[in-house]
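Here subunit A shows up in two complexes: once beside subunit B, once beside subunit C.
Right after this comes the complex of A and B.
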């Protein structure tokens, strides 16, 4: 099982700040594609992904208990 | 703790105190504050949100990058989140180094990196609505899923 985290504008689109879904064995890209089917408004092209608090590549594989965070363009400072 | 995500008002002197050292001959501080006017648009207030544990790690990473680039640098960075009013301090960066040029350069580096890799977002409340702010043009894409070539420090 995996925890998926959504921030800023993504939270409003998904209508939740986290989801529990089983994504084990999928790539980040596949996870994004699955989300895009369910939430067609998600601007995933401009979203970075972190696995367990480190930036991840689209071809990284999801493992059991990984926390996957979707990170829209940042605007701190 | 030199790298903090805080919910309360920032005390600049605390960041300065963390970087003062016997090796230091220069301390620079950058203080980012909430601006009222952006072009013709009037901001009423802001709300910052963070992925807190990752944001803290990324601030620390920026500190490590600075120490690798500028010898004997000391760094402290605090970013405030939650509701902020006009003129409130959102971020403070304090850097000390033996000589002044390094302190200026390293401090500039820190704020530019914050805007690239630290998961913090700003929501602007205008007179006539509200909006999550991405990059300024709202056009940035991350086709690889990562910030392009800017997260290479390990």
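Right after this comes the complex of A and C.
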């Protein structure tokens, strides 16, 4: 099982700041694609992904109990 | 007693008398004099940094006063350029600091002129195009810069040390299509201050040459939902990065990656064309603008919004027409406020 965390504007689109889903064995890219199917408004293309609070690449594999965070680039200043 | 002005900061052992002396010899360039820029400029000028230059293209409006701490109702009424109002207030705060406000668009040429002598650059911009430009310039000229941004109750910051940390281009890999901005999602002042707190602390460490103390991670938080995290990013440093990798093309220093603007012939209208065609979700953007009290009309391929002085028409590919002005810089600032 995995915990998925959504930050800034993303949590308003998902309507939750976290979800519990089983993503074990999938790549970050596959996880994003799955989320995009469910939430078509989710702008995941330029979103940064962290696995267990460490920067993750699209081809990184999700393991059991990994916490996956999605951090959208914020622009205001 | 004027000579004990910095005494409490000197008492802080990590700074001390030696650190204070260094601060007084250092220069900071702040890009943007909105909420982030106001706050970090005030802290740095109070801290006794020798020279602070602040660049901004915009003027003060009433909707700024809730969070942009250097400005007054009078500044908004007279529509004073932010860089001018900021310079005046900062000089009142500390007459011994060399403060310069520059009213201009942060172009490559302008930034280069001012960043050459800076010891650190502080990002207080409201759009990613300028940030990517800043990132290329900072890496090229080997000057540390501190990314900061906020929206709603969220914010983030990261300190880029050229040749050591990943750069912004490593982290984002490309220019985000649409960043979240204060004009579309709103902002509370504590989120601003939280970002600035981290930016200025990192700047102080750089200025007194205590680089060991730098945070190293990418910080992000949401004050309203009580979340505060930092992401380790050392593995993000990309050898193929066009900005800081082994073969560098500095993509954002090239003209083709710049937004094109033009005054339309014979009309009080400025056209803005982004460097890369976007695919915007106009319906979604219209919804958030409506929530923020704007008058908006939206069709599948076109959105029209009434701003304080102007009407802005936005197309799905990111092209926009800003009506009732011939001022290209001003039109671009309205565009960036909506799209980031």
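As a convention for this text, the second predicted complex is superposed on the first by the 73 of 77 C-alpha atoms of A that agree within 3 Å, B and C clash if a C-alpha of one lies under 4 Å from a C-alpha of the other, contacts with A are read in each partner's own complex, and residues count from 1 in each chain.
Criterion: contacts are C-beta pairs under 8 Å (C-beta built on N, C-alpha and C of every residue); 3 or more make two chains touch, one makes a residue touch a chain.
This structure is a prediction, so every number in the text was calculated from the model and none was measured.
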Overlay on subunit A: subunit C relative to subunit B, clash or fit: clash
Which of subunit B and subunit C A:7 touches, first, second, both or neither: both
Touching partner for A:28 - first (subunit B), second (subunit C), both, neither: first
First, second, both or neither for A:71, with subunit B first and subunit C second: both
Which superposed partner A:19 touches (first subunit B, second subunit C, both, neither): neither
Partner chain(s) touched by A:61 [first = subunit B, second = subunit C, both, neither]: neither
Subunit B versus subunit C, judged by how many residues of subunit A each one touches: B
First, second, both or neither for A:41, with subunit B first and subunit C second: second
Overlapping contact positions on subunit A, where the subunit C interface meets the subunit B interface: 7-9, 45-46, 48, 50, 53-55, 69, 71-77
Residues of subunit A touching subunit C in the complex: 7-9, 11, 17, 41, 43, 45-46, 48, 50, 53-55, 69, 71-77
Residue ranges of subunit A in contact with subunit B within the complex: 5, 7-9, 12, 28-29, 45-50, 53-58, 60, 69, 71-77
Touching residues (chain side subunit C, partner subunit A) in the complex: 32, 34-37, 123-128, 148-152, 154-156, 166, 171-183, 185, 187, 218, 220, 222, 225, 227, 229-233, 235-236, 281, 284, 340
In the complex with subunit A, residue positions of subunit B that touch it: 32, 48-51, 53-55, 57, 79, 90-91, 111, 114-123, 132-135, 138-147, 151
